[in-house]
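So that you can tell them apart, the chains are marked A, B, C, D, E and F in the order they are listed, and the count of residues begins at 1 in each.
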Amino acid sequence: MPIVRVEMWTGRTHEQKAELAKEITDAVVRIAKTSADHTIVIFDDIDKSNWAEGGILASDHK
Amino acid sequence: MPIVRVEMWTGRTHEQKAELAKEITDAVVRIAKTSADHTIVIFDDIDKSNWAEGGILASDHK
Amino acid sequence: MPIVRVEMWTGRTHEQKAELAKEITDAVVRIAKTSADHTIVIFDDIDKSNWAEGGILASDHK
Amino acid sequence: MPIVRVEMWTGRTHEQKAELAKEITDAVVRIAKTSADHTIVIFDDIDKSNWAEGGILASDHK
Amino acid sequence: MPIVRVEMWTGRTHEQKAELAKEITDAVVRIAKTSADHTIVIFDDIDKSNWAEGGILASDHK
Amino acid sequence: MPIVRVEMWTGRTHEQKAELAKEITDAVVRIAKTSADHTIVIFDDIDKSNWAEGGILASDHK
(Lines give C-alpha, C1' and ligand atoms only; values in the text may rest on other atoms or scores of the structure.)
Protein backbone atom coordinates (compact mmCIF):
# COMPACT_ATOMS: atom_id res chain seq x y z
CA MET A 1 0.00 0.00 0.00
CA PRO A 2 2.79 2.54 0.46
CA ILE A 3 3.40 4.93 -2.41
CA VAL A 4 6.85 6.47 -2.55
CA ARG A 5 7.52 9.42 -4.84
CA VAL A 6 11.07 10.50 -5.62
CA GLU A 7 11.64 13.95 -7.13
CA MET A 8 15.15 14.43 -8.47
CA TRP A 9 16.83 16.51 -11.11
CA THR A 10 16.82 15.02 -14.57
CA GLY A 11 19.91 12.93 -15.27
CA ARG A 12 19.66 9.75 -13.21
CA THR A 13 20.12 6.65 -15.34
CA HIS A 14 17.76 3.75 -15.69
CA GLU A 15 20.18 1.66 -13.62
CA GLN A 16 20.19 4.18 -10.78
CA LYS A 17 16.39 4.25 -10.73
CA ALA A 18 16.15 0.46 -10.86
CA GLU A 19 18.56 0.17 -7.92
CA LEU A 20 16.79 2.92 -5.95
CA ALA A 21 13.39 1.32 -6.56
CA LYS A 22 14.70 -1.98 -5.25
CA GLU A 23 16.41 -0.57 -2.16
CA ILE A 24 13.57 1.76 -1.19
CA THR A 25 11.04 -1.06 -1.62
CA ASP A 26 13.20 -3.40 0.49
CA ALA A 27 13.43 -0.78 3.25
CA VAL A 28 9.70 -0.08 3.22
CA VAL A 29 8.82 -3.79 3.30
CA ARG A 30 11.28 -4.56 6.11
CA ILE A 31 10.62 -1.52 8.30
CA ALA A 32 6.97 -0.71 7.64
CA LYS A 33 5.91 -4.39 7.37
CA THR A 34 4.22 -4.16 4.02
CA SER A 35 4.43 -6.45 1.01
CA ALA A 36 6.65 -5.59 -1.94
CA ASP A 37 3.80 -6.22 -4.38
CA HIS A 38 1.81 -3.41 -2.82
CA THR A 39 4.67 -0.93 -2.71
CA ILE A 40 4.80 1.58 -5.56
CA VAL A 41 7.81 3.79 -6.26
CA ILE A 42 7.38 6.65 -8.74
CA PHE A 43 10.22 8.80 -10.05
CA ASP A 44 9.63 12.36 -11.13
CA ASP A 45 12.51 13.87 -13.12
CA ILE A 46 12.56 17.61 -12.69
CA ASP A 47 14.55 19.84 -14.97
CA LYS A 48 16.95 22.26 -13.29
CA SER A 49 15.08 25.08 -15.03
CA ASN A 50 12.00 24.09 -13.02
CA TRP A 51 13.66 23.88 -9.59
CA ALA A 52 14.71 26.88 -7.50
CA GLU A 53 16.57 27.10 -4.21
CA GLY A 54 17.36 30.41 -2.55
CA GLY A 55 15.03 32.05 -5.06
CA ILE A 56 17.24 31.16 -8.03
CA LEU A 57 16.49 28.49 -10.63
CA ALA A 58 19.09 25.70 -10.41
CA SER A 59 19.82 26.14 -14.11
CA ASP A 60 20.87 29.74 -13.40
CA HIS A 61 23.27 28.89 -10.55
CA LYS A 62 26.88 29.54 -11.47
CA MET B 1 -13.14 23.45 -5.64
CA PRO B 2 -12.14 19.79 -5.85
CA ILE B 3 -8.89 18.98 -7.59
CA VAL B 4 -8.56 15.45 -8.97
CA ARG B 5 -5.19 14.19 -10.12
CA VAL B 6 -4.90 11.00 -12.18
CA GLU B 7 -1.52 9.31 -12.49
CA MET B 8 -1.40 6.67 -15.20
CA TRP B 9 1.18 5.11 -17.44
CA THR B 10 1.85 6.96 -20.63
CA GLY B 11 -0.31 5.75 -23.50
CA ARG B 12 -3.86 6.89 -22.85
CA THR B 13 -5.32 8.73 -25.81
CA HIS B 14 -6.77 12.20 -25.86
CA GLU B 15 -10.23 10.63 -26.22
CA GLN B 16 -9.74 8.47 -23.13
CA LYS B 17 -8.65 11.47 -21.09
CA ALA B 18 -11.54 13.60 -22.36
CA GLU B 19 -14.00 10.87 -21.42
CA LEU B 20 -12.38 10.30 -18.01
CA ALA B 21 -12.36 14.04 -17.26
CA LYS B 22 -16.07 14.19 -18.04
CA GLU B 23 -17.09 11.14 -16.03
CA ILE B 24 -14.94 11.97 -13.02
CA THR B 25 -16.24 15.55 -12.99
CA ASP B 26 -19.83 14.31 -13.26
CA ALA B 27 -19.29 11.94 -10.33
CA VAL B 28 -17.67 14.62 -8.17
CA VAL B 29 -20.42 17.15 -8.92
CA ARG B 30 -23.22 14.67 -8.26
CA ILE B 31 -21.80 13.00 -5.16
CA ALA B 32 -19.75 15.75 -3.51
CA LYS B 33 -22.24 18.51 -4.41
CA THR B 34 -19.77 20.84 -6.10
CA SER B 35 -20.07 22.75 -9.35
CA ALA B 36 -18.43 21.47 -12.51
CA ASP B 37 -16.82 24.84 -13.17
CA HIS B 38 -14.85 24.55 -9.96
CA THR B 39 -13.75 20.97 -10.50
CA ILE B 40 -10.26 20.51 -11.93
CA VAL B 41 -8.97 17.20 -13.29
CA ILE B 42 -5.25 16.91 -14.02
CA PHE B 43 -3.65 13.97 -15.80
CA ASP B 44 -0.07 13.01 -15.12
CA ASP B 45 1.38 10.56 -17.65
CA ILE B 46 4.11 8.51 -16.06
CA ASP B 47 6.55 6.50 -18.12
CA LYS B 48 6.90 2.84 -17.22
CA SER B 49 10.59 3.48 -16.66
CA ASN B 50 9.60 5.81 -13.80
CA TRP B 51 7.13 3.47 -12.07
CA ALA B 52 8.09 0.48 -9.95
CA GLU B 53 5.98 -2.16 -8.25
CA GLY B 54 7.50 -4.97 -6.22
CA GLY B 55 10.81 -3.10 -6.43
CA ILE B 56 11.06 -3.51 -10.20
CA LEU B 57 10.54 -0.77 -12.77
CA ALA B 58 7.48 -1.52 -14.90
CA SER B 59 9.60 -1.16 -18.03
CA ASP B 60 11.78 -4.03 -16.77
CA HIS B 61 8.93 -6.42 -16.06
CA LYS B 62 8.90 -9.37 -18.47
CA MET C 1 -1.85 0.99 -11.70
CA PRO C 2 -3.65 4.33 -11.83
CA ILE C 3 -3.52 6.46 -8.72
CA VAL C 4 -6.29 9.02 -8.34
CA ARG C 5 -6.01 11.72 -5.71
CA VAL C 6 -9.03 13.83 -4.74
CA GLU C 7 -8.48 17.08 -2.83
CA MET C 8 -11.66 18.51 -1.37
CA TRP C 9 -12.65 20.71 1.51
CA THR C 10 -13.16 18.91 4.77
CA GLY C 11 -16.76 17.87 5.30
CA ARG C 12 -17.55 15.03 2.90
CA THR C 13 -19.02 12.03 4.66
CA HIS C 14 -17.72 8.50 4.64
CA GLU C 15 -20.66 7.55 2.40
CA GLN C 16 -19.80 10.24 -0.14
CA LYS C 17 -16.18 9.09 -0.27
CA ALA C 18 -17.17 5.44 -0.58
CA GLU C 19 -19.49 6.28 -3.47
CA LEU C 20 -16.90 8.52 -5.16
CA ALA C 21 -14.20 5.85 -4.81
CA LYS C 22 -16.49 3.33 -6.46
CA GLU C 23 -17.61 5.55 -9.34
CA ILE C 24 -14.14 6.93 -10.08
CA THR C 25 -12.68 3.42 -10.03
CA ASP C 26 -15.42 2.16 -12.34
CA ALA C 27 -14.75 5.01 -14.78
CA VAL C 28 -11.00 4.44 -14.74
CA VAL C 29 -11.37 0.68 -15.26
CA ARG C 30 -13.88 1.08 -18.08
CA ILE C 31 -12.25 3.96 -19.94
CA ALA C 32 -8.53 3.46 -19.26
CA LYS C 33 -8.73 -0.35 -19.43
CA THR C 34 -7.12 -1.08 -16.10
CA SER C 35 -8.13 -3.51 -13.37
CA ALA C 36 -10.00 -2.31 -10.30
CA ASP C 37 -7.56 -4.09 -8.00
CA HIS C 38 -4.73 -1.93 -9.27
CA THR C 39 -6.64 1.34 -9.04
CA ILE C 40 -5.99 3.42 -5.94
CA VAL C 41 -8.13 6.39 -4.93
CA ILE C 42 -6.84 8.66 -2.16
CA PHE C 43 -8.86 11.44 -0.55
CA ASP C 44 -7.16 14.47 0.92
CA ASP C 45 -9.43 16.60 3.11
CA ILE C 46 -8.25 20.17 3.11
CA ASP C 47 -9.46 22.66 5.67
CA LYS C 48 -10.91 25.91 4.32
CA SER C 49 -8.27 27.74 6.34
CA ASN C 50 -5.64 26.05 4.16
CA TRP C 51 -7.21 26.77 0.77
CA ALA C 52 -7.20 30.17 -0.96
CA GLU C 53 -8.82 31.36 -4.16
CA GLY C 54 -8.45 34.91 -5.42
CA GLY C 55 -5.76 35.40 -2.78
CA ILE C 56 -8.20 34.95 0.10
CA LEU C 57 -8.42 31.91 2.38
CA ALA C 58 -11.76 30.15 1.89
CA SER C 59 -12.38 30.38 5.64
CA ASP C 60 -12.19 34.19 5.36
CA HIS C 61 -14.67 34.50 2.48
CA LYS C 62 -17.90 36.16 3.52
CA MET D 1 12.25 24.07 4.76
CA PRO D 2 9.18 25.19 2.85
CA ILE D 3 8.54 23.51 -0.48
CA VAL D 4 6.39 25.44 -2.93
CA ARG D 5 5.03 23.71 -6.02
CA VAL D 6 3.53 25.73 -8.87
CA GLU D 7 1.39 23.94 -11.45
CA MET D 8 0.71 26.05 -14.53
CA TRP D 9 -0.08 25.44 -18.15
CA THR D 10 2.92 25.00 -20.38
CA GLY D 11 4.10 28.25 -21.92
CA ARG D 12 5.68 30.35 -19.19
CA THR D 13 9.15 31.53 -20.12
CA HIS D 14 12.34 30.97 -18.23
CA GLU D 15 12.25 34.66 -17.22
CA GLN D 16 8.76 34.38 -15.81
CA LYS D 17 9.74 31.34 -13.75
CA ALA D 18 12.93 33.00 -12.52
CA GLU D 19 10.95 36.06 -11.41
CA LEU D 20 8.23 33.96 -9.80
CA ALA D 21 10.79 31.83 -7.94
CA LYS D 22 12.39 34.98 -6.58
CA GLU D 23 9.17 36.70 -5.52
CA ILE D 24 7.60 33.61 -3.98
CA THR D 25 10.81 32.85 -2.08
CA ASP D 26 10.99 36.46 -0.84
CA ALA D 27 7.39 36.28 0.36
CA VAL D 28 7.90 32.96 2.13
CA VAL D 29 11.09 34.14 3.83
CA ARG D 30 9.55 37.43 4.95
CA ILE D 31 6.17 36.15 6.07
CA ALA D 32 6.90 32.61 7.25
CA LYS D 33 10.27 33.50 8.76
CA THR D 34 12.33 30.89 6.96
CA SER D 35 15.68 31.18 5.23
CA ALA D 36 15.87 31.51 1.45
CA ASP D 37 18.45 28.72 1.24
CA HIS D 38 15.95 26.26 2.64
CA THR D 39 13.07 27.34 0.44
CA ILE D 40 12.48 25.21 -2.64
CA VAL D 41 10.21 26.26 -5.50
CA ILE D 42 9.31 23.64 -8.12
CA PHE D 43 7.46 24.38 -11.36
CA ASP D 44 5.32 21.76 -13.00
CA ASP D 45 4.31 22.63 -16.57
CA ILE D 46 1.07 20.94 -17.44
CA ASP D 47 -0.12 20.63 -20.99
CA LYS D 48 -3.62 21.91 -21.73
CA SER D 49 -4.45 18.43 -22.99
CA ASN D 50 -3.83 17.15 -19.44
CA TRP D 51 -5.92 19.75 -17.59
CA ALA D 52 -9.71 19.80 -17.45
CA GLU D 53 -12.14 22.29 -15.94
CA GLY D 54 -15.89 21.83 -16.10
CA GLY D 55 -15.24 18.29 -17.33
CA ILE D 56 -13.61 19.48 -20.57
CA LEU D 57 -9.90 19.35 -21.37
CA ALA D 58 -8.49 22.87 -21.70
CA SER D 59 -7.14 21.97 -25.13
CA ASP D 60 -10.71 21.25 -26.26
CA HIS D 61 -12.17 24.53 -25.05
CA LYS D 62 -13.25 26.77 -27.92
CA MET E 1 -5.57 28.13 -13.48
CA PRO E 2 -2.34 27.95 -11.53
CA ILE E 3 -2.33 25.79 -8.42
CA VAL E 4 0.28 26.63 -5.81
CA ARG E 5 0.96 24.23 -2.98
CA VAL E 6 2.97 25.30 0.06
CA GLU E 7 4.37 22.63 2.38
CA MET E 8 5.65 24.02 5.67
CA TRP E 9 6.12 22.79 9.19
CA THR E 10 3.10 23.10 11.41
CA GLY E 11 3.02 26.37 13.34
CA ARG E 12 2.26 29.15 10.88
CA THR E 13 -0.65 31.29 12.00
CA HIS E 14 -3.83 32.02 10.11
CA GLU E 15 -2.53 35.57 9.55
CA GLN E 16 0.72 34.32 8.03
CA LYS E 17 -1.16 32.01 5.66
CA ALA E 18 -3.61 34.76 4.69
CA GLU E 19 -0.74 37.12 3.91
CA LEU E 20 1.20 34.44 2.01
CA ALA E 21 -1.88 33.49 -0.03
CA LYS E 22 -2.34 37.13 -0.98
CA GLU E 23 1.27 37.81 -1.91
CA ILE E 24 1.78 34.57 -3.83
CA THR E 25 -1.46 35.12 -5.74
CA ASP E 26 -0.44 38.70 -6.56
CA ALA E 27 2.94 37.50 -7.84
CA VAL E 28 1.39 34.75 -9.96
CA VAL E 29 -1.20 37.09 -11.45
CA ARG E 30 1.34 39.82 -12.21
CA ILE E 31 4.15 37.63 -13.54
CA ALA E 32 2.34 34.68 -15.10
CA LYS E 33 -0.55 36.79 -16.43
CA THR E 34 -3.36 34.80 -14.91
CA SER E 35 -6.46 35.98 -13.08
CA ALA E 36 -6.62 35.92 -9.29
CA ASP E 37 -9.97 34.11 -9.38
CA HIS E 38 -8.37 31.16 -11.08
CA THR E 39 -5.35 30.97 -8.82
CA ILE E 40 -5.54 28.44 -6.01
CA VAL E 41 -3.11 28.35 -3.10
CA ILE E 42 -3.16 25.31 -0.81
CA PHE E 43 -1.23 25.03 2.44
CA ASP E 44 -0.08 21.69 3.75
CA ASP E 45 1.08 21.76 7.37
CA ILE E 46 3.59 19.02 7.99
CA ASP E 47 4.54 17.95 11.47
CA LYS E 48 8.25 17.92 12.28
CA SER E 49 7.89 14.24 13.11
CA ASN E 50 6.96 13.64 9.47
CA TRP E 51 9.81 15.62 7.87
CA ALA E 52 13.43 14.45 7.67
CA GLU E 53 16.55 16.17 6.41
CA GLY E 54 19.93 14.50 6.45
CA GLY E 55 18.15 11.26 7.28
CA ILE E 56 16.95 12.54 10.65
CA LEU E 57 13.38 13.53 11.50
CA ALA E 58 13.19 17.25 12.27
CA SER E 59 11.54 16.46 15.60
CA ASP E 60 14.67 14.49 16.58
CA HIS E 61 17.15 17.24 15.70
CA LYS E 62 18.86 18.65 18.79
CA MET F 1 18.04 18.12 -3.69
CA PRO F 2 15.92 14.96 -3.89
CA ILE F 3 12.54 15.06 -2.20
CA VAL F 4 11.07 11.71 -1.22
CA ARG F 5 7.46 11.47 -0.16
CA VAL F 6 6.11 8.35 1.53
CA GLU F 7 2.36 7.84 1.71
CA MET F 8 1.34 5.07 4.10
CA TRP F 9 -1.65 4.19 6.20
CA THR F 10 -1.74 5.79 9.61
CA GLY F 11 -0.15 3.62 12.27
CA ARG F 12 3.60 3.60 11.70
CA THR F 13 5.52 4.54 14.83
CA HIS F 14 8.02 7.31 15.23
CA GLU F 15 10.78 4.68 15.34
CA GLN F 16 9.68 3.15 12.04
CA LYS F 17 9.64 6.57 10.37
CA ALA F 18 13.03 7.48 11.81
CA GLU F 19 14.51 4.23 10.51
CA LEU F 20 12.84 4.60 7.11
CA ALA F 21 14.05 8.21 6.78
CA LYS F 22 17.59 7.07 7.52
CA GLU F 23 17.61 4.09 5.15
CA ILE F 24 15.91 5.91 2.28
CA THR F 25 18.28 8.85 2.64
CA ASP F 26 21.28 6.49 2.70
CA ALA F 27 20.06 4.78 -0.46
CA VAL F 28 19.43 8.05 -2.28
CA VAL F 29 22.84 9.46 -1.29
CA ARG F 30 24.70 6.30 -2.27
CA ILE F 31 22.88 5.54 -5.53
CA ALA F 32 21.87 8.97 -6.81
CA LYS F 33 25.09 10.67 -5.63
CA THR F 34 23.47 13.45 -3.66
CA SER F 35 24.32 14.79 -0.23
CA ALA F 36 22.29 13.75 2.81
CA ASP F 37 21.84 17.37 3.87
CA HIS F 38 19.95 18.10 0.69
CA THR F 39 17.74 15.03 0.83
CA ILE F 40 14.27 15.57 2.26
CA VAL F 41 11.95 12.73 3.25
CA ILE F 42 8.33 13.57 4.03
CA PHE F 43 5.82 11.12 5.49
CA ASP F 44 2.13 11.45 4.77
CA ASP F 45 -0.07 9.35 7.04
CA ILE F 46 -3.29 8.49 5.27
CA ASP F 47 -6.27 7.17 7.14
CA LYS F 48 -7.77 3.94 5.82
CA SER F 49 -11.05 5.81 5.42
CA ASN F 50 -9.31 8.01 2.83
CA TRP F 51 -7.68 5.22 0.79
CA ALA F 52 -9.53 2.96 -1.64
CA GLU F 53 -8.37 -0.03 -3.66
CA GLY F 54 -10.68 -1.93 -5.96
CA GLY F 55 -13.20 0.87 -5.50
CA ILE F 56 -13.65 0.13 -1.79
CA LEU F 57 -12.30 2.26 1.07
CA ALA F 58 -9.69 0.30 3.04
CA SER F 59 -11.64 0.97 6.24
CA ASP F 60 -14.62 -0.88 4.70
CA HIS F 61 -12.65 -3.99 3.67
CA LYS F 62 -13.63 -7.03 5.72
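Throughout what follows, contacts are C-beta pairs under 8 Å (C-beta built on N, C-alpha and C of every residue); 3 or more make two chains touch, one makes a residue touch a chain.
All values reported here derive from a predicted model rather than from experimental measurement.
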| item | value |
| --- | --- |
| For chain C, the least number of touch steps when starting out from chain B | 1 |
| Chain pair showing more contacts of the two, E-F and A-F | A-F |
| Between chain D and chain C, distance of the C-alpha-averaged centres to the nearest whole Å | 22 |
| Distance from the mean Cα position of chain F to that of chain D, given in whole angstrom | 24 |
| Residues of chain A whose C-beta touches two or more other chains | 3, 7, 24, 40, 51, 53 |
| Pairwise touch network: line, ring, star, complete, or other | other |
| Which chain pairs touch, all of them | A-B, A-C, A-D, A-F, B-C, B-D, B-E, C-E, C-F, D-E, D-F, E-F |
| Chain E residues within the chain C interface of the complex | 14, 17-18, 21-22, 24-26, 36-37, 39-45 |
| Footprint of chain D on chain E - complex, ascending | 1-9, 12, 16, 19-20, 23-24, 27-28, 31-32, 34, 51, 53, 58 |
| Residue numbers on chain B that touch chain A, as the complex places them | 7, 46, 49-57, 59-60 |
| Footprint of chain D on chain F - complex, ascending | 3, 40 |
